[in-house]
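Every chain is named by a letter (A, B and C) in the order it is written, and numbering of its residues begins at 1.
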Amino acid sequence: MALLEVEDLTVSFPTADGVVKAVRGVSFRVEPGQTLGIVGESGSGKTVLTQTLIGLTPGADINGKAVFDGTDLLQLSEAQLRRIRGARISVIFQDPLTSLHPLYRVGWQIAEMVRAHEASASRKEARDRAVDLLGRVGIPRPEQRVHDYPHQFSGGMRQRAMIAMALALAPKMIIADEPTTALDATVQAQILDLLLQLQEESDTALIMITHDLGVVADIADDVMVMYAGRAAEKGTKHQIFYESHHPYTKGLLESIPNSSVAADRLRPIPGQPPSLINLPAGCKFHPRCGYVLDRCVCAEPELVRIDAVADHGSACWLPAEAAGVGASAEKLREQAVREGRRGAAVEVAEAIAASPEVA
Amino acid sequence: MSITDLERQAQQAENAPVHAIEGRSQWSLTRQRLRRDKVAMASLAVIVIMVLLAIFAPAFAVLVHHPANAAYPITGENSAGQPVGPGTNGFWLGTDDTGRDLMVRVFYGARISLFVGIVTTAIATVAGVTIGMIAGYFGGIIDTILARVTDAVLAFPYVVLALALAVVFGPSLTIVIAVISFFSWAGIARIVRGQTLSLKEKEYIEAARSIGAGPLRIMFIDILPNLLAPVLVLATLYIPSAVVFESTLSFLGLGIQPPTASWGSMLSAAQPFYQTAWWFVVFPALALLITTLAFNLLGDGIRDAMDPTTERLVAARRRKGPRGSPSRSRNDDLDLIIAGDAK
Amino acid sequence: MTGQAPAASGDVLIRVDNLVKHFPVRTAGFINRTVGQVQAVDGVSLAIPRGTTLGLVGETGSGKSTLARCIAGLIPATSGTVHFEGRDITNLPRQRMAPFRRNIQMIFQDPYGSLNPRRRVGAIIGDPFAVHKTVPADERKRKVQDLMERVGLNPEHYNRFPAEFSGGQRQRIGVARALALRPKLIICDEPVSALDVSIQAQVLNLLADLQREYGLTYLFIAHDLEVVRHVSTSVTVMYLGKIAEAGPKNPVYDTPRHPYTAALLSAALAADPEAAAARQRIILTGDIPSPIDPPSGCRFHPRCPKAQELCGRQEPPLEVKAGDAATHLAACHFPVTAGEKLATASRRARP
């Protein structure tokens, strides 16, 4: 049974400018000990999605189900959620400097976290746990460093301390929101390795939210690609990277500079991501899509299974067989475009072709 | 809806600049929030009425046939030579110690109070912004000197100086304005200096330097517009303190001199009569209280309206069900979340 | 060769010799005492031939941004020289810098912070015209709109505020502003690292087009190695204020000599699961030390998998290593040889 099963989750925020439709009907599952990578750009809703699961989206209109270990997280009261947050689901944020309190010692913060959830733990026990945890996440001389304040730690060490705190109560699931974005490459490699190693030791499930396809390629098992509040494509890491179906996934992969493709020019996705207040009609990606069909302009495709064997889903009107990066898939896509593009889509396609990024 | 309509919509979505959450200008958001703030709007109404009364004070004088400085020993005083109460002999708010129309004089007093309040605040704001901006932008020895001067001004006992000046030059409106302005700029300068220090670190200031802009251009074109919002709040809050300051000086006899009407000097003159003629004390005091309170409340309202962390939601709409606990309707959390996706 | 800029041949547009920038560290208090120096840039030399792109790579504390600001004349250098087209422009006062300023422009990292939120886009892009008075006021609007068109913005958005644009569009505004004076050198300080992947590629393509069209020279600062590889002609790798390795991009990427370069390259994450699984990673121990008190000898030695006793004692010169082209320099006593395995950790195979 899945550890977390999210079904048709919808989150929107009423604001003075209109309703921000941050998440629009997303379903996914996370198995124990597995890593789900959620990839998306700014405004794709990936952060709101996970914040909602742990009750950090006040004032939002939330619909759907999110069953974690038998309980629907969306039905819990604040007090009940507090007991789950940290103890059974913990979160690692992008910027450890703002997540650690600057005026308390690092060790104290970890110990306090333990004591908050385990009333039976004595002060001394909690302190010892903190030392032990700091050692586990690779902080040298932990028995001395527990007395340090966050500003005495470097960026990488602070992120290690955050991970120590996240691990303190042996959670079943960790949500890591861009945990390495603020770190340097060599430190990022250390942290990702640490996360994998700890995950293997304790069989924790991990949701890794990132904009960096490299991070996902490195540590995820399954991947969900989000665009404008929806899952554009969902599948195993292999499926997403080598048999991608959705033109957005394909576009993301192609726009990364890559030494193996000695191209002079990159192939960006034209245009800008849409505003979540004022979404385009039809498929939300169609104004930027090179394979736009007539139906894309007026009808939004559902995420459907495109693979008979494995659970590979894509929300795109292109035929299911047109998955992959090879020439045959490209031929299928072009054929679909020839057949499916008449009045409406032609102008969108012309507009894309005329945009400066492609010219 | 036809396909072509949808298509046009799609095109618009593509070409429209991204209407982000913070997409509108800060001023329009501020105005919108301010309009919803009932206390601030009521305060604004009070201030507008006060200004109108001040402007049309001579008209009121004509209306009731009681010029401001004219004494009415027959109708305005009773047989014992005491002021008459409100509503007596056509004196709507009664008369003062020499039998003058109190209402007309309170309105004339508003002219002085508002004039002094606005003029001194304007002078103090211009001086304070200039000095604070120069100190903050250039830093170093210039900053040290200006900061010490500011501290010295803030530490000076103003009544002593006002007393000395009044003795030397004789009390007058000019001296009042000079003294109040002199003691008001320092507070503004200090805050502007702090703001400038943080603005100076912004990347767009570096960008301006990288295209070769000089210090004057950077200060006036890049920094000043960003100071306007906090300075506006500050100025609104300085007006009432200047009004009180003027009344204090006049009360002490160091400010506006008789027979010119001023709330401070009226209160001063009313002292011996507080048991026999309550109106003589109450109406000028009430005018002073209402005016300063209105400015303070309006200033608070503007500050709240400019603060981006207040009320991002249309209403802190509590969700139905168990999650609607008030502890989580903190709006800064939501800001974090909305901003969270925007790297 | 120490202290000498590489690639002295050809038409060098900008040349930096032995540049040093130290920031004093003062105690906070009534009397400020200088208690140390942040050695942000410590003796860096480089030269960029006209029309090429030099990629400057480094992590936090490497001093790459400080170096860029010294070259742009935004902060004074402690010592060393900067020559632009053969003329010394080091620490010129603002008035005398003005003619060079037109030729050296910058694009900043943060598309949100580098545009004044209170000014209209047209005014921001037209700023260089107003400062240098190169274009009469009545022609400015047209010129600005031409620029907007050139960088892919809608010229009708002349009167909008920066907040009305997305990150990628804002970076285009920054590019238009840098382009206004037709500079010869543009210093790009992490111009795409704040942008989304799909937008990143748009801006990189725009920069490449502009380079071709106007014969621009770029100093391109980034921490993303793949981005640098894509845009650069040659690459300089900095570590704690010093150059670790420099040279044409292919030799540096294919046969890195400095263990730090090798580690950096191995830590870069490719968006390719199979490559990620196959890659032998060099996991460096520890964090980057503080530039206030950098390690003795080779600054990389406390984290270096190849470090020996000599490395902590003696600073290695930046020189050509055996078998390399004369333009490929590395500062290492024990350079990595081709095919050498430095990997200290390999990715465990996951089921």
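We take it that a residue touches a chain if its C-beta (ideal position, glycine included) is under 8 Å from a C-beta of that chain, and two chains touch if they have at least 3 such contacts.
Values in this document were obtained by computation on a predicted structure and should not be read as measured data.
When the C-beta pairs in contact are tallied for A-C and for B-C, the bigger tally goes to A-C. Farthest chain from chain C (centres taken as the mean of C-alpha atoms): B.
Averaging C-alpha coordinates per chain places the centre of chain B 48 Å away from that of chain C. We define each chain's centre as the mean of its Cα atoms; on that basis chain A and chain C are separated by 30 Å. Multi-chain contact residues of chain A (touching two or more other chains): 42, 211, 272-273. Taken residue by residue, chain B touches two or more other chains at 18-20, 23-24, 342-343, whereas all remaining positions touch fewer.
The residues of chain C that reach two or more other chains are 166-167, 169, 196, listed in rising order. On the side of chain B, the complex with chain C involves touching residues 15, 17-20, 22-26, 202-204, 206-214, 217, 221-222, 225-226, 228, 342-343.
Contacts from chain C toward chain A in the complex involve residues 59-60, 151-152, 166-169, 196-202, 204-206, 208, 223, 225-227, 229-231, 253, 263-264, 266-273, 275-276, 281, 283-284, 286-288, 345, 347-348, 350. On the side of chain A, the complex with chain C involves touching residues 41-42, 140, 154-157, 184-190, 192-193, 196, 200, 211-218, 221, 237-238, 241-242, 251-253, 255-259, 264-270, 272-273, 355-357. Chain C contributes residues 69, 72, 74, 94, 97-98, 101-102, 105-106, 108-110, 113-119, 127-128, 131-132, 154, 157, 160-161, 163-167, 169, 174, 177, 180-181, 194, 196 to its touches with chain B in the complex.
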